[in-house]
Amino acid sequence: MSDNPDTRERGGPDEYDVADRGLVPGLASLLLFGVLAVTILNADFGTPAGLEAGDYGITHGIGFALFNIDLGAFAGSTEGFLAAFFIVAITLDVAIDGALYLAKRESDGSIVSAVGGAFSRGRKAGEGGD
Amino acid sequence: MVDAFAYVPAIVVLPFVSFLVALAFGKYLPKGGAFGGIAATAGSFLLSLWVLATVAGGGQHTETLYTWVSTDGIAAGIGPQEIELTFGVLIDPLSALMLVIVTLIATLVHVFSLGYMNDEGERDLPRYYAGLGLFTASMLGFVVADNLLMAFMFFELVGLCSYLLIGFHFREPGPPSAAKKAFLVTRFGDYFFLIGVVAVFATFGTASFVGSESFPVLAEHALNGEFDAWTPFGLDVGTWFTAVGLLVLGGAIGKSAQFPLHTWLPDAMEGPTPVSALIHAATMVAAGVYLVARMYGFYVLTPTTMAIIAFVGGFTALFAATMGLVKEELKQVLAYSTISQYGYMMLALGAGGYVAAVFHLMTHAFFKALLFLGAGAVIIAMHHEENMWEMGGLKEKLPVTYWTFVAGSLALAGIFPFAGFWSKDEILYEALVHGLNEPLLLGAWAMGLLAVPVTAFYTFRMVFLTFHGEPRTDTARDPHPIRWNVKGPLTVLGVLAVVSGAVNMVPVQKVLGLEGIDFLHLWLDGHYGGFSELTSHHYADLGPYSSGYIAGGEIPTVLIGAGVSLALALGGLGLAWKLYNVPEPAEHTAALGGIKTVLYNNYYQDELQVRIAQVTAGVASVADTFDQGVIDGVVNGVSSVSLVSGDRIRRVQTGVVTHYAALLTLGVTGLILVLGVLGGWFL
Amino acid sequence: MSIIQSSTLEPLAALPAQTGGAPLPEWTALGPILALVATGLLLLGWDTVFPNRRTNTELSVIAAVGALVTLALSGWYLAAGTGRPATGGAITLFAEAITIDGLALFFTAIVAVVTALVAVASRDYLDDHETPGEFYSLVVLAAAGMALLASASSLATIFVALEMVSLPSYALVAYLKEDRGSVEAGMKYFLVGAVSSAIFVFGISLVYAATGSLVLSDVAAAFGDLDDLAGVAGVGVVMMIGGFAFKTASVPVHFWAPEVYEGAPAPVSAFLSSASKAAGFAVAFRVFTEAFPIADAVAVGIDWPLVFAVLAVLTMTLGNFAAAVQTEVKRMLAYSSIGHAGYALIGLAALSAGGSHNGAVMGASMAHLFVYGFMNTGAFLFIAMVESWGVGRTFEDYAGLGSVAPMASVAMTVFMFSLAGLPPFGGFFSKYFLFAGAVFNGFWWLAAIGALNSVLSLYYYSRVVKALWIEEPTDALSAVDSRPTALYGAVIVAAVATVVVLPGFGPVIETAEAAATALFG
Amino acid sequence: MIIEALIAFTFVSAMAVLLAPDEWAGRLAFALSLVPFLGSLFLWARFDGSGNALTGGELAFETQIDWIDVGGYTIQWFVGLDGISLPLVVLTAFLVPLAIVSAWTPIDERQSQFYGLILFMEANLIGVFAALDFFAWFVFWEAVLLPMYFLIGVWGGPRRKYAAIKFFVYTNAASLVMFLGFMALVFSLPVETFGLPEVTQSIAAGELGSFYGIPAETIGLVSFVAMFAGFAVKVPMVPVHTWLPDAHVEAPTPASVLLAGVLLKMGTYALLRFNFTMLPEQASALAVPIAALAVISVIYGAMLALAQQDLKRIVAYSSVSSMGYVILGLIAFTVYGVGGATFQMVAHGLISGLMFMAVGVIYNATHTRMVTDMSGLADRMPVAVWILVAGAFAYMGLPLMAGFAGEFYVFVGSFGSPVANGLMPVFTALAMFGIVIVAGYLLFAMQRTLFGPFRLDTDYELGRAPRRETLPLAALLVAIIVLGIAPDLFFEMIREAVVPVVEGGVN
Amino acid sequence: MVAPEYYLLLAAAVFCIGLFGVLTRRNALYFLMSVELMLNAANINFVAFSSYYGDLTGQVFALFVIALAAAEVAIGIGIILVLYRNFGVTDVTVPREMRW
C-alpha cells in the first residue's frame, strides 16, 4: 500500500494504533444515556389514551393512513403518509440501484486492471495508484 | 509721466526672465548667458534708481498684485477664517534704498563673474547665470514684499538659490555637503520663522506690514486694549507678542548667520567667490536684518525681545571677530568678519538704532562686497590659491586691487574718513546712549566696543599678509593678470566704500550743528516720502529706551564715543602693522597659548552641530528597529498565531471513523447539557 | 418585485393569458420535483435499455436538460410569486406533508443549478469510466430528494426525503470502486451518515413523544403548552440539530466532510458541498421557524438560536483556521466549505423572538447559499479539471497554472476571491448582507467573528491565486494537454454567474427575503 | 450620466488591454487612459456643483437609481461630484497615463495583464471618489485591493509575495472593521437608504437613536472609532502603517506611483467624508488623541525615513509623515485646516508620484536603490536628477510649489483652531518641525546619491535617461508648480465644499 | 398500563447500547448491526407513543423507518464489499490515508 510521502507526512496505521483505545470511546454513549435518563425521569406524562380498535381495526387504520383515505375513528390525529409512501418507493429503488452498482464486480481481466492503472484520478503522473 | 511704481514688478521680473533665458538657451548664448544676466540686473538697477528718485520726490506706494487665496464667500466660521493670502508690493524709503543696494551689487557681481568664471574657463555656465538670475529675482521679491507670508516665501526661495549656487561645483565632495549644511541650518531657522508667520496670521488675521490694518499697528492697538488679538492658552498679549517676535527672530538669526546658527556661512565659502560676494556678504545675509527692520514697528513694542536682539548681536560681533583672528584662508577671514558685522547691525536694531542699523547695512554691503571681489581678484591672480601664507608682496603687481582692497579694509576697520567709521560709530553711540539706563544693553555695547580693535587687527593682518612683505611662492611672484571686468567693479565699490559714509555724518552734524547733513536720518524719517507708521521717529516714540548722556551733554558723549572707538581701531591697526608688516611675517598665534586651538576650531560649534545630527540619526535608527521589531512583530505575530492554532485544530481530524462517532456523541451530549442547564430541564 | 400581479385564487398564481387565464391546477406546484424524478427514472430506463453502450454523453445531456427544466419551472414560479402571502400563501399538498412556497422553490432552483453544472461536468470526468450510467440517475434522484426535502412540511416526509438524499450520496461518494480514496471516503461518509440519521430519527421520536404529532404546524401548536415535557422535547430538538448538522457539515458532525470532499470524485464533492448542504439548510430553516417558533421555544427553555450561534462560531472558526494550514488545494476547499456553512448558520443564529430583521438575516443566508452554490461548485469543478490533467494536488503542483490554462485560472481566481468576499464578485454582497443583517438584528459580535474569519479566509484563498498566477510554472505542467470541453464550459458558466450575480443581486436577495419573511409570518 | 460613462469606458478598456498582445499593450493602454483624463478635464470645466455633497450641497453630474431593496433599506446607485471629490478624480485621471508611460521600460513580461490591471484599478478609484451610496462606494473601495495585490505580487521585487499578502489582508481587515462600524451607525438612524447625504443629514438632525439598549452617544463614539481605525490603516497612521513600506519597496514603480499617489488619498478622503462630516461632535470630542496621533505620524514617520538606506523606503515613510499633516488639518475643523488637508491630498499625490517615478527612472538605469551603492549621478543623468531635486524641494514644502500651499493652509488653519481644548498651537508647532526633518533626510539622501564624484557599485554603464522616461517627470513637475502658484484652481471649489463641514463642526 | 417514561427509558437504553457498539467495535458489519439497533430504539418510541396519544401516526412512521433501515443496510453491505475489495479488511479503523 504505497503511500505518497511527498504530498503529506501521513504515516501508515502503525504509528497510532487504535486498538489500545479499547472501550474508552464507549463511555461517551454511557454519558449520553445518563443524560437521557435524567431528562426522561424528570418528565411526567399524563395518562395514556390507549388505542381502541374502532370499526375497522388498527391494521386497516394503518393501511388507510398510508393512503390518506378517510380514517374514521383515527381521523382526528393521524396524518396521511401518502407523500412519504411515494418518496420511500423511489428511495428504495435508488438504494437498490446504488447497492447493485457497488456490489457488481466488473468482469475480470482487462477492464479492472486497465481502469485502475489508466485512471490516475488526480494523482501525480508518477504517483503509485495500484 | 508714467510713475515709476508701475514698473516695480518689472524690477523683480527682469532677473527672473534672465533666469529662464539662461536656463533654456544658456548653451547657445555667448558667455553662457552672462550678458542676459548683466542686462537684466542693470535694467533693474536703473528702474530702482528711478523708484528711489520718485520716493525722494515724496512718493510711496503699496498695491496688491495677485490674490493667492481670496476669502469671498466664507461666512463667519470659527477660528481665523477671513485670512486673505495675497502678494503685494510695498515701496517706501527702506525698500527703495535696499532695492538700489541689491541691484547695484548684483550688476557688479555679474560683471565680475565674466572675469572670474568665464575667463577661468568654468563649465556649466548657463546653470551658474540661471542661479544668479533666480537669486536676484527672489531677493528683490523679498525686498518689495508687502506682507510676512510673501516675505517668508521669497526668504525660502533665496535659501534654495544659495543651496544651488554653493553646490555649483557639485562634482567635488566639498560643495554639496556645504550646500546641504547651509540649507539645513537656515531651514532650522526658517522653522521658527514659519511658526512666527502662522502665529501672526492666527493672532491678527493679517500679516501685512503697511496700512492701518497692518499687524504692527494692530499690535499697538492690542497693547492698549483697542484690538482683542487671539492668544493661545490665555497668555497675556505682551508675553505672546514677545514670543512671536522671538520666533520670527529665529528666521533672521538663521539667515543672517547670528550666534547659534552661524556655522553654515564659513562653509558657504565653498561656492564661487562672486556668489560669496553677492549672497554671503551683501544681500541674502542682509535679509535677516532687513526683515527685522521691515517689521520694526512690531519689535519696538516688546522691550525684552529688543534686549535679546541687542545682546545676541553684540555677542556675535565679538565672538565672530575673535574667530577671524587665526584664520589662514582669505575668504574665511572675510566670512567671520561678515558674521561679526551683522552682529553689529543686530546690536543696533536691538538698541533702538533703526537708522544706524540701516546705515551700517548699506555701508557694509558696499565694502564687504568690495573686499570679497578683491579677494576674488587675488584668487584669480593666485590661480585659485586661497591660503594667505602662500601669498605676499602682491602690492606692486596688482595696484588697482591693492588700493581698492585697502580702501575696503579701512572702511571695515572703521578708520576715520571711511564709511565704516561713521556707521559703526553711530551704532556704538546709540547702544551707549540707550544702554546707560539698560544694563543688558550696556553689556552688549561693551562687547561691541571690544570687537572694534579685534576687527581692525584681523583686517590689516589680512592686508599685510596678502599684499605686503616678500612674495612667498613663485605664483605670488608673477600672478595671473586680471582684466577690466574685475577692475571695473572694484573701482566702483572702492569709491562707494570711501564716499558712502558721507550720507549720514551724524557726529559732525551734532558737534558742528550743521543741520540737514544727516540725509539718511531724514530719508528714513519720512522727510521725503514714506508711510507714517514706518518712519524712524514713529519707532522712536514707541521705543522702550530713554537716552542718558555721560559727562554732561550730548556733544561730549558723541566726541568721547567717536574718539574711543577711533583710538581702539588705530591701536588694532598698529598692532597688526607691527606684527605682520615685515618682509618675512611669522605666525604669531603662539602668544594666544591655549585659546589658539579653541579659536582654530571655532569654539567647537561645528562639532556640536555634527554631534546633534549624529544623535538624531541614532534616535532614528532606534525608532526604525522599534518599528520593524515591535509594530511589525505584532502584525506577523498575529498571522503566525492563527496559523499555529490552525495546525492544532487540524490535528483533531485523526482519520479514524470511530473517533468521529465518539466526538459526534460528545458534541451532541454537550449541546444537550448546555441547553438543558440554560433551559432548566434538569432542575 | 413580483412582475405578475396574480388573482387572489388560492391555488397557483394566475398565469398570463396564454394559458387561457385560468390558474394552473394545484398539483402542478410539484412541477419542478416531478421533473427531477421523471428525469431520474428516464435515466434509469435509458441505462437498462442500452446497458453496455458507452452512453456517457447522452446521459449527461438528459440529466442536464432535466435539471434545466426544473430550474426553469422553479424560476418561473418564483417570478410569478407562487407561495407568497400576496398570491394566496403556500400551497400544501398530501395533507400538509409537502408545502410549496418561496423557500421550497428557491432551494429547488439552487439544487437544479448545481445538478445541471455537475451533470455537464461529469461527462468529461467519467469519460474513461466503464459504467457511468448509474452516476447520472443517482445524482438526479438525489437532487429530487433534496427538492422534496426543501418542500417537506412534516417530520415524516423530512426524514424520508433525507434518506432519499443520503443513500444515493453514499453510493456516489464511493463511485470510483477501484480508487482507495473514494472507497475510504464512501465508507466514512456512510458510517457517520448512518449514525447521524439514527440520531435524527431518535430525535424525531422524542419530539413526537412530547408533542404527539409529526406535522410541523401541529408540532408548533403543541409546543406552546408542553410545560413539563420540555426536557424530552429539548433533547429531541438537539438530536434533530445533530441530523441537520450532518447534512450541512456543521461542527459536531463535520468530521466526515474533509475526507469525503477530498476523497470523493470532484463533481460529487461539488454536488455534496453545494446542493446537499443547501437542502440541509432549507429543511433546518423550515423546521426551526415553523415547528419550533422562537417565542414559544425560548419560553419553554429550548433557546435553539443560541445553540445555532455556538455551532456557527465553532464551524466558522474551525473551517477557516484549519483551511489556512492545508497543503492540498482540494482539502483546503473542503475546510473552506465547512467555514461557509458557519456563515450560513448565522441565518439561524442571529434570530431573536420578534426581531424586526429576522426575515432579512435568513434571507441573506439563503441568498449566500445561492451564490455559494455557484462559487463552490465552480471551484470543485476546476479541481476536477486539474485532476483530469494529473498535475498533482498540492499548492506547489498548482504553481504557474495561470500561464498554461489562463481562462480556467481566471475562473478559479473569480471563485477564490468571491468565496473570500471581495467586491467585484457575487460573494462580496452575499457575505456583507449577511453580516449587515446580523448587526441589524443586534448580533454584532457574531458579525465581528464572521468578519474576522473572512479576513483569515482571504489569506488561504489568495494562496491558491498566488500559486496560479504568481509562482513560476514547474516542468510538470507539460502534462496539461487535453481540453475537457464540457468541464471547461461548466467552470466558465459558473464563473460568469458568480460575476453577474453582483449587479444582479437585487432579484436574488429580494426573493430570498420575501420567502424568509413568509416563514416567520 | 458622464461619470458612469467614464467608469464603464475604463472597465471596457481594461478588458481590451487584457486581451491585447503584449508588445503594444503599453501604447494601447496609454491611448485608452487619455480618454478618462480628457473626461476628467471635461468634468472639471463643466463643474457646477456647490457646497458639500453630504450636507445637502448641490451635486454635479448626479445620478440616483434604485438597485436593491432588502431588509427595509433600498440600496441605490448614487453617484455625484462635489468640490472635494472632483480634484481627486482629476488627480487620478492625470496620474494613471503618466504611470503607464513610466511602466514602458521596467515592465517587460505579461505587459497586457499589467496594463489591464492598472486601468481596472483606475475605474475603481474613480468609482470610490464619485460614489455617494455606501454599498456602491464599498464595492469600489474593496475592488481597488485586487489589482494592487496582483501588481505587487506578480511584478514586484524579491519579497513581493510577503508584501502583497500583508497589504491585502491588512487593508481588508481594516475595511471590515469600518463596515461593521458604519452598519451599527446606520441601523440606529431612521434612514431608508445607505446614501451618505441622507445619513449625514439625519445625524445632523440629531436622530441618532439607541440600538438594542446601547445609548446613542456610545453608538456614535463606537462607530466613529471603528470607522477611524478602518480608515487609519489606509491613510496610514502610525500604529497601523507597517504595511506601507513593504508594499512600496516591493511594488514596481508605476504601481507604487499609484499606491502613493491615489490609494493613500482614499483613506483621508473617506475620513473626511465619514468621520469628520458625519460625526463632527465625536470628532471634536476625540480631537486631542487624533491630533496627537497626527503629530506622532509626522515626527515618527520622518524619523523612520531618516534611518532608511533604500531610496524608495525613504519616500514611502515620508508619505506617512505628510499624511499626518492631512489628519492634523482635518481635525482642526477650520476652513483653512480642512480645505488645506484636501488640497494637501492632491499636492502630495502629485509630489510623491513624481518622487517615485524619478527613483524608478534611476532604478531603471542603475538597478539599485541603495543610497550606499551610488553617488554623483547628477553628472551622468542631468535631466532626471534635476527634476528629482526639484521634486525633493517640492516635498520639503518649498514655496511656489504645491506642497507649500497645502502645508501652509493646514498650519494656518490648525494653529488658531479652538479644537482639542486649546492645545492646537502646540500640536501644530510640533508638526511643523517635520519640515526640518524632511529637509534633513531628503538633502542627506540627495547629497550622497546625486552629488559628489561619480561612483556606481552595480556595474551598469550609465547614459542620460531616455526622453520617454523624463517626459512624465516633467509633466508632473509642471503640474506641481502650476498648482503651487495658483492653488485656487482647486482650492476655490474645495473651500466651497468644506465650509458646510466646518460650520457643522463644533463651535 | 406501563407508564410512558419506561418506554422512553427502554428506547434510550437500546439507543445507547447501539451507540456503544458503534463506538467500540472495529468490524464494519458490527457497525451496521449497531446502527440497526439505534433505529429500532426510535421505533420503540414511535409505537409506544402512538398508543399513548391514541393515533396511528407513530406506528405508520415506524414502518417507514424499518423500510429505510433495510435500504441503508443494502447500501452498507455494498460499501463494505467495495471496502473489502480495496483494503482487504473490513476493519473500519484501517483506512486512514486521509487525515489532518
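When the chains are written out, they are named A, B, C, D and E in that same order, and each has its own residue count from 1.
Operating definition for what follows: contacts are C-beta pairs under 8 Å (C-beta built on N, C-alpha and C of every residue); 3 or more make two chains touch, one makes a residue touch a chain.
Chain identities (UniProt): A = NADH-quinone oxidoreductase subunit J; B = NADH dehydrogenase subunit L; C = NADH dehydrogenase subunit N; D = NADH dehydrogenase subunit M; E = NADH dehydrogenase subunit K.
What you see is a predicted model, and the numbers here were worked out from it, not measured in a lab.
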{"item": "Chains contacting each of chain C (NADH dehydrogenase subunit N) and chain E (NADH dehydrogenase subunit K), listed by label", "value": "A, B"}
{"item": "Between the pairs C-D and B-E, the one where more C-beta pairs touch", "value": "C-D"}
{"item": "Of all other chains, the one whose Cα centre sits farthest from chain B (NADH dehydrogenase subunit L)", "value": "E"}
{"item": "Central subunit by CA centre of mass proxy", "value": "D"}
{"item": "Chain B (NADH dehydrogenase subunit L) and chain C (NADH dehydrogenase subunit N): spacing of chain centres that average the CA atoms, whole Å", "value": "78"}
{"item": "Gap in Å, rounded to a whole number, between the CA centres of chain C (NADH dehydrogenase subunit N) and chain A", "value": "20"}
{"item": "Gap in Å, rounded to a whole number, between the CA centres of chain E (NADH dehydrogenase subunit K) and chain D (NADH dehydrogenase subunit M)", "value": "65"}
{"item": "Whole-Å gap between the CA centroids of chain B (NADH dehydrogenase subunit L) and chain D (NADH dehydrogenase subunit M)", "value": "37"}
{"item": "Of all residues in chain A, the ones touching two or more other chains", "value": "8, 10, 18, 25, 28-29, 32, 35-36, 39-40, 42-45, 77, 79, 81, 84, 88, 91, 95, 98-99, 101-102"}
{"item": "For chain B (NADH dehydrogenase subunit L), residues contacting two or more additional chains", "value": "639, 650, 653-659, 661-662, 665-666, 668, 672, 676, 681-682"}
{"item": "Shared interface positions of chain D (NADH dehydrogenase subunit M), touching two or more other chains", "value": "169"}
{"item": "Complete list of chain pairs which touch one another", "value": "A-B, A-C, A-E, B-C, B-D, B-E, C-D, C-E"}
{"item": "For the chain B (NADH dehydrogenase subunit L) and chain C (NADH dehydrogenase subunit N) complex, residues of the former touching the latter", "value": "639, 642-643, 645-647, 649-650, 653, 655, 657, 659-661, 663-664, 666-668, 670-672, 674-676, 678-682"}
{"item": "Touching residues (chain side chain D (NADH dehydrogenase subunit M), partner chain B (NADH dehydrogenase subunit L)) in the complex", "value": "166, 169-170, 239, 241-243, 300, 303-304, 306-308, 332-337, 376, 378-379, 393, 396, 398-400, 404-405, 408-409, 411-413, 415-418, 422, 424-425, 428-429, 432-433, 435-437, 439-440, 443-444, 446-447, 450-454, 487-488, 491, 495-496, 499, 502-503, 505-507"}
{"item": "Chain C (NADH dehydrogenase subunit N) contact footprint on chain D (NADH dehydrogenase subunit M) (complex, rising order)", "value": "67-72, 135, 138-143, 145-146, 149-150, 153-154, 160-161, 164-165, 168-169, 172-173, 176-177, 179-180, 183-184, 187, 211-212"}
{"item": "Residues of chain E (NADH dehydrogenase subunit K) that touch chain B (NADH dehydrogenase subunit L) when the two form their complex", "value": "19, 22-24, 26, 92-93, 96-100"}
{"item": "Residue ranges of chain B (NADH dehydrogenase subunit L) touching chain E (NADH dehydrogenase subunit K) (in the complex, touch as defined)", "value": "650-651, 653-658, 661-662, 665"}
